[in-house]
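Next up: some structures, all given as structure tokens.
There are two complexes below, and they share chain A, which is joined by chain B in the first and by chain C in the second.
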Partner chain A sequence: MTLFFQLLVNGLIVGALYGVVAMSFVLIYKASRIVNFAQGEFLLIGAWTCWWLLTSWQLPFWLGFPITLVFMLIFGVVLQVVVLRPMIGEPIISVIMVTIGLSIVFQAAMKWMFGVFAKPFPPIFAHATMDVFGLQVQTVYVVSLGISILIMAGFGWFFKYSRLGLAMRATAFDQQVAQSLGISVRQMFAMSWAISAMVSAVAGVTVGVVNGVSSALSFFGIKVFPAVILGGLDSVIGAVVGGLIVGVLENVAHYLDSQWLNWGNMYEIAPFYVLIAILMVKPYGLFGTKDIERV
Partner chain B sequence: MSGAPVASHRGHASSAPASKNASSTAETIFEARGVNLRFGGVQALTDVSFGIRKGELFSIIGPNGAGKTSMVNCISGRYKPTDGKVYFKGRDVTGMTPNHRASLGIGRTFQNLALFGHMTVLDNIMVGRHHLLKNNFLTGSLYWLTGARKEELAHRREVEEIIDFLEIQHVRKATAGTLSYGLRKRVELARAIALKPDLILLDEPMAGMNLEEKEDMARYIVDLNEEFGMTVVMIEHDMGVVMDISHRVMVLEFGKKIAEGMPEEVLANPRVRRAYLGEDDEDEAAPATAVRKEVA
Partner chain C sequence: MANVSIIPSGDFKTSYGTDTTIFPTTTSRNFAILGVVLLLACPAFMDRYWLSLLIQIGYLGIAALGLNILVGFTGQISIGHSAFFGFGAFASAWLNNRWGVPVALAIPLAGVLTTGVGLIFGVPAARLKGLYLAIATLAAQYILQDFFGRADWFTGGSAGTIAEPLTVFGFAFDTDERYFYVVLVAMVVMYILGTNLMRTRDGRALVAVRDHYLSAEIMGINLTKYRTMSFGISAFYAGIGGALYAHYLQFVSVENFTILFSIQFLGMIIIGGLGSIMGTLMGTAFMVFLPELMQALTKMVSGTAIDTALNLRENIAFLREMSVGIVIILFLVFEPDGLAHRWKQIKAYWKLYPFSH
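Let's look at the complex of A and B:
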């Protein structure tokens, strides 16, 4: 039974990370209607950047991590301006192909620059694991849970109370109207990519610290799909809930599998089964907006 | 192209509805020079030139498909004229984006309601304040230190004044999408006013309203013009209201300007009568009798 709780707690923590990545995915989708298949590569690039700063430059974590975030912020803006801005107004399928292309290019570039083998982060915390109610949990996971909650609260505040968040919501709702109110749609797009890249990097570094940095990190980006679609593509809260569900689900599935079923690899597959089941019942996800057409 | 009589030689002050702020001698706030707009093979606007004076209530009328909304979109920047130039406050704004023009002082409402349906009325109006906020993303995140908080409070006060002016206090916290049509139109107007524009474009502000709502809206528009001193450009189909409150009227037909002047002049213009009644009489000299014939 301890194993079950252990997995449950792990699931919640990993789920929170999924939620964070899902939120940054939803952010881009909401602002610009772009389905970003390169979300997982944001994690990868963030993690490698931080790893490189920590190992090659021997920077302490408290310095290397913020530099990584600043780099990702600039990276997001540049990516949007150079690659995606020219695609504004093009058919959505072309834009999606571009993001798939980006994902392949980044994967290859990272392998070329840092090699194909997983590389461990230098130890950051004095104790690798800590004791939470009698359960052994990775310290970095506990810290990341804190950071995740902070990011989520930040997102909530940003969209609900800040003027820029309001402007972003307005842009997501109707670009023409937003422009007529003096909102620069280009700036909003660039900002959404910047925030998205930055927040994804936080998750990337966290997972990298636990599992080591390798191209497997970008698999996170694929795991985010069930989370996002579960919650509804355009709902920030949905993304968080979806992330938590997927995180818990894969761990519970893993538990069931290892105890009784022995089918193997349920950890990876289970979320997708549930995804299919949920989409059959609620095609717009749990929190998504239904397109109602009035005649 | 536009051979209609123009009112300029008579001056403005002589007309009855022209108020104190319109009487000042014609400082042009907006000017269109030879604007052409083509969409592929469709000529939406042909060589339209006109000027809007500061403090004026200027209406654009015309039959359906005459190019009124296209003209307004050329003013707001949503369309860029294929040919010709537009000037705002003496500055060439032809190539400027809509958001840039909005920050220069051109506000607008839309023909089809374009409120942010999921947001509250207050949030909708606050979006209109966006370009007036000095704090950006980075300084805004240091909310308490950079005066972002003080700035927001000041904005809230002005927004409350706009809410009072349009009498929508009771729905302040309501979700915009749940309001009645007339109220939503008012909230949309409030949002456009929140921009503090010098020139406000109203695309059919009274479409689909009942008589009472129309009267209210007409009153708000006149107040907006006279008390707030905003220059108003309005597209409207209700001739009664247009002729009642406008200082000057421009008439478009098939993308061409056929008349411009004070309401009574425009009403008396034979070309305008023909455009509206759609009658095709070869006798141009006596349109009035033709109209009478038509009516009888």
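Let's look at the complex of A and C:
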């Protein structure tokens, strides 16, 4: 039973990270209607950048991490302006393929620059694990849970009260109306990519500290799909809920598998079966808006 | 005006027959026949390496045509094509090894089996469109890949499976020179089938679904039926292509059918031109020659400062991977209609040669 609770806690923590990545995915989708298949590569790039700053430049974490975030901010804006802006108005397959192409390029480039093997982060915390209600949990995980909750709360505040957040919501709601109210839609698009890249990088660094940095990180970007489909593609709350459910689900599937079924590999694959099931039953997810079409 | 050798200026088509004809002029038909004859002569003067590239273009081109029917003609998106390709490969080998079905029969049967699998995943596809479908097929890719690793009885698990060479009446097509003809015949047949499919009522229905599915539905086209059908056809082509691949290499390994391979298929049809049958072949050829081009480029700059700075020789694998992504992005940004469109422009330019405006 302890194992079960351990896995449950792990699931919640990993799920919170999924939720954060899913949120940044939804942010892009809501603002610019682009499905970003390169979301996982944002994690990868963020983690490698931070790793590089910490090892090659010997920067302390409190300095290296903010620099990473600033870099990702600029990276997101540049990416949107250079690659995605010409794609506005193109059919959906083209836009999807561009982000897929980007993901291949980034993945190969990262492998090229940093090698294919996982590299560990220099230790950041004094104690690697800590005791939570009698369960041994890695300190990074606890901190990451805190960071995740902080980011989620930050998103909530940002979209409810800040001027920029309201402008972004207006853009997502109706681009023409937003434009006529004096909101620069171009800037909003660029901002959504920048924030998304930044938030993903936070998740990337967190996972990198736990598991070491390797191209496996980009699989997070794939795992995000079950989460966002479950929650609804255009719902920020849905993304968080979906992420948590997927995180718990894969750990429960792993538990069932290791205890009774012995099928193997359920941890990886269970979310995809769920994904297909959701798409069959409720394609717009738990919180997503239904697409109603008129002729 | 059935047998003209040059196209008259202006549009004088008076029947559906002339509008949907494959070869508008006798010249274009003769050129197509000449092309096939030239290909027939290839094994006589080409070395084995080039031949193997042509064979690759053949079986990949068949599978890519299936994807183009799905994506380019029906407007559905699939990111799981390599999984179907792999299923066809394993199915053909399995039919032959386990049930003793002769290879010549196992290849089309593998296509039929793959169609079945395609239809299973086509059921959610019939209800979904656009990015939802993209994500569903992404899930299909991972599920099938997981299945390949799991199903020892079918795929031989991580050890892979051996596929016997194709034998007809005791004549084994086991060398590149011989297998080339098998692939060539299969490719010509499948491409003619594909071209003709698009000229039929069903083919036009598929195009209508792509162009405006609401209007299509109002006109009485059964959306569910045609979306599922398109998925089935695409899987059939992938299965045939995969089976040909299996009996060419005579060994199928589980690791080959990754998402990157699926993306390469998508790259082929985007580079070639969505909704263009000849373009599919051009795109496939481009995608097959791209790694060779990268190799040649690397060789060209070897020893120079660029080479030592980037350590090209050891990283050629990443360079190839990157080139796939970069080419896809560049084509989408600068030539979204693909090579087929470019080819048309070149033809139009020479047709009007000195006075192109």
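One rule holds in what follows: the second predicted complex is superposed on the first by the 292 of 295 C-alpha atoms of A that agree within 3 Å, B and C clash if a C-alpha of one lies under 4 Å from a C-alpha of the other, contacts with A are read in each partner's own complex, and residues count from 1 in each chain.
Criterion: a residue touches a chain if its C-beta (ideal position, glycine included) is under 8 Å from a C-beta of that chain, and two chains touch if they have at least 3 such contacts.
Keep in mind the model is a prediction, meaning the values are calculated, not measured.
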Quick one: classify A:Ser162 as touching chain B (first), chain C (second), both or neither.
first
First, second, both or neither for A:Ala170, with chain B first and chain C second
first
Touched partner set for A:Val185, first chain B, second chain C, both or neither
first
Touching A:Val98, do we find chain B (first), chain C (second), both, or neither?
second
Which of chain B and chain C A:Val26 touches, first, second, both or neither:
neither
Both partners, chain B and chain C, contact chain A at residues none
Chain A touches which residues of chain C in the complex?
71, 75, 77, 79, 123-124, 127-128, 130-132, 134-136, 138-140, 142-143, 146, 149-150, 214-215, 218, 260, 263, 266-267, 270, 274, 315, 318-319, 321-322, 324-326, 328-329, 332-333, 336
In their complex, what parts of chain A are in touch with chain B?
162-164, 166-167, 169-170, 173-174, 176-185, 191
How about chain A: which of its residues touch chain C in the complex?
35, 83, 86-87, 90, 92-94, 96-98, 100-105, 107-109, 111-112, 222, 225-226, 229, 233, 263-265, 268-269, 272-273, 275-276, 279-280, 283, 293, 295
Any idea which chain B residues touch chain A in the complex?
76-78, 97-100, 102-103, 107-108, 110, 114, 116-119, 123, 126-131, 133, 135-137, 140, 143, 152, 191-192, 195
